[in-house]
Amino acid sequence: MKKIRVAVFGASGYAGEELLRLLLRHDGAEIAAITSRKNAGEPVSTVFPRFTGLPLSFISPDEAMSRGDFDAAILALPHGLATEFAIPLLKKGVKVFDISADFRLKSTAKYQEYYKTPHPAPELLKEAVYGQPELYREQLKTANLVACAGCYPTSSILPTAPLLRDKLVSPEGIVVASCSGCTGAGRKVDLPYIFPECNESIKAYAPVGHRHLPEIEQEMAFAAGVPEVKINFIPHLAPLNRGINSTILLNAMPGCTLEKVGASLEKAYGKEQFVRILPAKRCADTKYVFMTNCCEIGYFFDEHTGKVILTSCIDNLTKGAAGQAIQCMNIRFQLDEAAGLR
Amino acid sequence: MKKIRVAVFGASGYAGEELLRLLLRHDGAEIAAITSRKNAGEPVSTVFPRFTGLPLSFISPDEAMSRGDFDAAILALPHGLATEFAIPLLKKGVKVFDISADFRLKSTAKYQEYYKTPHPAPELLKEAVYGQPELYREQLKTANLVACAGCYPTSSILPTAPLLRDKLVSPEGIVVASCSGCTGAGRKVDLPYIFPECNESIKAYAPVGHRHLPEIEQEMAFAAGVPEVKINFIPHLAPLNRGINSTILLNAMPGCTLEKVGASLEKAYGKEQFVRILPAKRCADTKYVFMTNCCEIGYFFDEHTGKVILTSCIDNLTKGAAGQAIQCMNIRFQLDEAAGLR
Amino acid sequence: MKKIRVAVFGASGYAGEELLRLLLRHDGAEIAAITSRKNAGEPVSTVFPRFTGLPLSFISPDEAMSRGDFDAAILALPHGLATEFAIPLLKKGVKVFDISADFRLKSTAKYQEYYKTPHPAPELLKEAVYGQPELYREQLKTANLVACAGCYPTSSILPTAPLLRDKLVSPEGIVVASCSGCTGAGRKVDLPYIFPECNESIKAYAPVGHRHLPEIEQEMAFAAGVPEVKINFIPHLAPLNRGINSTILLNAMPGCTLEKVGASLEKAYGKEQFVRILPAKRCADTKYVFMTNCCEIGYFFDEHTGKVILTSCIDNLTKGAAGQAIQCMNIRFQLDEAAGLR
Amino acid sequence: MKKIRVAVFGASGYAGEELLRLLLRHDGAEIAAITSRKNAGEPVSTVFPRFTGLPLSFISPDEAMSRGDFDAAILALPHGLATEFAIPLLKKGVKVFDISADFRLKSTAKYQEYYKTPHPAPELLKEAVYGQPELYREQLKTANLVACAGCYPTSSILPTAPLLRDKLVSPEGIVVASCSGCTGAGRKVDLPYIFPECNESIKAYAPVGHRHLPEIEQEMAFAAGVPEVKINFIPHLAPLNRGINSTILLNAMPGCTLEKVGASLEKAYGKEQFVRILPAKRCADTKYVFMTNCCEIGYFFDEHTGKVILTSCIDNLTKGAAGQAIQCMNIRFQLDEAAGLR
C-alpha cells in the first residue's frame, strides 16, 4: 500500500520532536519534509540527538513549499505564522493539520480578544474542523483543514462533553484546575523555565484570561447546546516533563448520580481506543498516560456539595499535540486510526 | 533569660525533623526530650544524619513522661495517640502543642464522621485553641492546649478568612484546589510513595471527603459568621518535596473589587511577619516560601465569572506544621514570635 | 507467520512492566503467560494501570508451568528463584532468557563470594550464553539458556570491550563511575526509596563489592584475553526514574590515540542498530536513550593523564533489562532483531 | 558590638541570593550594598521574591564603589571582572572575598591555559589567600584578598588533603568523579539548562580540561608536598537543584588501612564544625548537607584494588560558594566563625 507523505513544519520544538518520534514508527505514513527556518540544512540529530543515525535533515519551509511533494502537512508553528503556510498549502490540495491556535476559535472576536490581533484568515474558519477525533470523527473524515485541539482543552473537554450533552451537569459554574509539565511551555529558553526555577516549585499562572479559556468554553457550549459558557480555568506549572492533570468541578443537574455519570462516559467512549474510563471513584494519574495517546478519566459524585468531579490526564505532547494531530490525519486518510500511536 | 524547655513527642517523621531543625536555632527554647517509641535509645543522627555530631538521642515517650522536666510538649503523633499523651501532660501543667488532628474540630460528630471513631476526649475540645496565630493570637496567649492548624487548612484559611469576614466573598460555592509535595504524606513507606511512582506524576486524591475538609469548613464558617459552610477541597500530589499551593475560587459579593480584596488582605496581614501579600495579579510560588514559615498570597478578580481567585503557598513542614507549632509556642510563652523561625 | 509465544515470569516489577510494554508492540511474538505469585488471578491493570482495557491477567507461576504452552520464558525473578524455574523450563524445551544474575558469572566461586550462597545449578553455567547481543550474537543464535547482561554491566562492557580487544587500553586500573535512576532499585518499598529521600539527593552506594562488579570484571577479562581483571566500580543513585550513565577511565596503551579509539568503536558497532557512537569529544546523555534499547557512547582522550575516557548511557529498564532480553530472544528465534524495540 | 559592613557585588545570581540569605541572619555583619549592573535601582525582591518586604535594593557597582562605606566586599562576579573591582577595593582598605576564579591559581601560566587570557593582575596572586578555612585558617586571619575555593574543588580537596599530607595515599592516579545540581551552572538562561532538558537526564560534561581541574591539582600538590599532581576530574550534571557529590579514588600507600584513613580525617577535622566525618564505610549524601555549610565525608578501603575511596558532599551554593565566603570573612574579622552559618 502506498504510504501517505507528510511534511512537518516547525519541527525544532518538543511537539516537533514528538511528531518525528511517532511518524517514524507509523507504517502508513512517511516523512517527506522537516522544516525549521533556524536549523535548515542541519541534520535533525543536531537538535534532537536521539535521532542520530537516521537520514533526516531540516530544510527551510520555503524549500518544502516549493517541493510540495506531500499529501499532508502538520504545522507546529507559532500562531499567525501557521495561517501564512496553511493558505498556500490548502491551495495546493495538501491536507493541513494545524497544532497552533489559529483555527480553533470559531469567533473572530474571541480570537482578537485573546490574541490581540485580527484573525489572519477568517474565511477559513468555517472550513476548519476542530481536531478532537472522539467528538468530530465524522467531520474529520473529509476535512481539508484541521485545527487540532490544544493540550489543556483536550484534557478538559473530553471528560466534560458527554455529561453536558446528556444534561447531567450544568454548563454554569464550571471550574477547571489543571497542572501541566514543563514541556507545555514549549522549548522556551527563558529564566522562569530553567531547571532551578521550576524544580521544587508549583504555582498557578494566568488564572484569569488564559488563551485556552475561550477554546474550552466554545467546545463546552457546543456540547451543552447553549450559545455561551463561562468557566474558570486555572493552569498550574508543575515540576515534571510531560503530562497534564485536569480536575474539573461541575454542578450536577437534578437526578444526576454517580452511575449516570459513569454510564454517560461509557456510552461516549466505551469503544474509543484512546480514552480510558477508570472505575468510579478513582483518580487519573499522568504516570499512566506518559508517552501515550491516551486520555484517562476518573469520576466522582460529591453528595456534600452536589458536584460532579472529574479528573483527567493526558500526555501534553502526545494526545495534547503530536499524537492527536496524527490521529486526525489517520482518520482523514482512512488509515488505521491508531497507526503510529500504539 | 531562662530558656523554656521543650519536649518533642514522635520525632522520627518529617515534621519531627523540622521541629528539631528549628528548635536548634531557637534562642529562647531548648530541647528537653525527643521521643520515638521505635528508635528509643538511638542517637537522633541514626534517623536524621544531618544531626550527626549533636548530642541528641531518642528516648521512649514513657521515659519522657516520667521525667516531665519540660514546659512545653509538641506532639507530632498520629491522631488518637496524641490525645493519650495530651491528657496527662496537661495535668502536669505542661503546655501542649498538638500537630495531629485530634483537637482541631470543634464538632465531635464531624470528628466521628471523618475519623471513623468517637472523639477520645470531647471535654478538651472547648479548651483547645486553634493554632493559627494570625487568626487566634489573643486566645493563644493563654492557651494550655493548642490544636495546630493543618497544612492544607493553613494554606486555605489564611487567604480566605479576611475576605469572608469583610463580606467581600460569599461563603457558598467555594472551591479549593491544592497541590502538595510528597513530604505531605509523611515519612510513609508505601508503594505509591516510592520515587519512581511519584516522579513525573501528578494526580488528585481524595477529591471527596478528605480529612482536612471539615477543618477548612469550620474555620471558614467562623470567619464568615455563619453556622455552616460547604466547600469543595481537592488535594493533588505533586513531584516535589516541600510546599503546598492552594488555588481558591470564591464568588464575589456585590460591590467587591480587586482593590477591596487587596485592602482586606492588607488590613488583616499588613503587619504580620509570616504572611506576604503579593502585588495584585501575581501568583504565589512554593519556591518563595521553601523552608520558611511564610504564607505567600496572590489575588485576582475575574470579571468574566465574578470570582475572586486567590493563590497561596506555604512550606507544608514549616508554616504547615513545625514552624506554626513553634510560632504558637512563642506566643504562649511570650517569646519573640519569630524566634527560631527567621 | 506464526508468532512465538512468550511467558513472562515475575512480571509485577518495573522490568516486568517494561517487558509487557515491549512485547505488546512486538509483531513476531505474543504473550502466553504473565506470572506473579502475589497477584495471581488479578488483571495486570491492577498493578500497572497503563494496561487497563487489555485482556491481561496474572497467573501463578505454577499454573504457567503446568500449562507450558510457550516457546520462550523471560524470567524477571529474584536470583536463586530464577534457577528453580529455569531447570524445569529447559527440560520442557522452552528457551529461557533470565534477567536475574543467576547464570551471568562463569565462576561458582565468584557467585558464592558475592551472593553468599553456593550456586544452585553449576552444571548449567557452561550452557548459559551471556546475553549481550553485540558481543555474543553468534552464540545466542543457538542458546537455550541466556543470562541477560545486567544494567550497569551493559553500560560498562559495551563501550570498553572493543578497546580492550584491540589492545588500545590496559585492563589494569580501570575505573567505572555510574549513576542510575531509581527504577534501578526495582519496585522496592523501603524507606531509602521513598520520594522525599531520593529527590534532591545524589550519593554513591556499595562503592566496594557491588554485585555487578564480578560480572563487569569477567567480561572485561574475556575482551582483553586475560585471566583476570580487577576494577573499581562505583554506582550512584540519582533522582531520575530511568537511565544509567557510566563514565569509564582507562589507561591508554602506547600508540593509542583519539582517532584509534573512535575507529575501534566504529568497527565494533558501526553496523549495530542499538549502539550509537557519538562524534569524538561529546558526552552521552541518558535523555537521548530514554525508553529506547540504545546504548549511546562518547569518547575522549586525555593527554594530560594518558587516559581514555568513555561515557555511556542506556535506559536501565530497556537495554539494561527488558529490551535486551527481547533482543536476545529475537536473535534466538531468528526474528527481526529489532522487533518490538524500535 | 559594632557590626562589620559588607557589600555584595554581583548579587543577581544564585550565589548572590544565598549570600543575602545568610547575611540577613548574621548577627555580626550587616549588608551595606548589593550591586547589580542590570538591576540597579530595583528592589531585590524583583529578582528574588523571597526577599519581598525587606528594604533591600540593588545599586550599580559604580555607586557602591563611590560610597565605599563598607569593611568587606564579597565578589560574586564573572572572572576577569572580579579583578577590576578587587584592585580599587583593596586600595581603599576593603577586605575582598572573591567567589570568582581570578585569584585561585598561583600559576599565571595555568590561568592563561585554562581561561585563554593573560592573568589580569599577577602581582596580587602572591597576596591572595586560598579561601578554604579548614586548610588555611591561619593565613585567612590576616588576609586582605581571599580567593574563595570553588565548589568542585572544595568537595575534592577537603577529603583528600589530610590523606595526602599524611602520605596514606599517592598523589598519582587520582580520579575525582563529581555530580552537581543545576544551580552549579549559575542562573544561566540557555537551552541545556531549561527544565525539560535537565530533568530525567544525567550526563558527564567537560571530562577533559574543566576549569576547576588546575585548582584541584594545585591544592592536592600543596597537600602532598610535591611540585605537581595530575588527576582526572569528571563533572556530571544531575537533576537536582543544590548539592555536589564527589567520589574520589586514590591509590593507597603501603601500610595504609581503613583505620588509618579514618584517624587521619579525624585528626584533621575532628574539631571542625563544618566537616562531618561519617563512620567508616558509609556514603555521604547531598541530602544531609542541603542548605548547610557542612562538608560530609565518607571513606572506604578497597582491598580488591588497593584503593582508598572517599565520598564527599557539600551544598554547592553554601560550602561551595556563599557560605564559605562568609566563613572566611568571619575568620578575617575575628567574628564567631559560624555566624550566619548555623
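Here the chain labels run A, B, C and D in written order, and each chain numbers its own residues starting at 1.
Throughout what follows, a contact is a pair of C-beta atoms (placed from the backbone, for glycine too) under 8 Å apart; a residue touches a chain by one contact, two chains touch by 3 or more.
No experiment lies behind these values; they were computed from the predicted model shown.
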Pair joined by more contacting C-beta pairs (A-B or A-C): A-B
Taking each chain's C-alpha mean as its centre, the one farthest from chain C: B
Inter-chain centre distance, chain B versus chain C - centres from mean C-alpha coordinates, in Å: 47
Averaged-CA centre spacing for the pair chain B and chain A, given as whole angstrom: 39
Chain centre separation (chain A, chain C; CA means) in Å: 37
Residues within chain B bordering two or more other chains: 181, 197, 199-200, 239-241, 285, 287, 290
Chain D residues touching chain B - in the complex, by the definition given at the top: 25, 49-50, 52-53, 200, 276, 278, 285, 287-292, 296, 342
Chain D contact footprint on chain C (complex, rising order): 173, 175, 177, 179, 181, 197, 199-205, 207-209, 213, 230-232, 234, 236, 238-243, 245, 247, 249, 281, 283-287, 290, 298, 300-302, 304-305, 307, 309, 311, 313
Residues of chain B touching chain C in the complex: 14, 181-183, 187-191, 193-200, 239-241
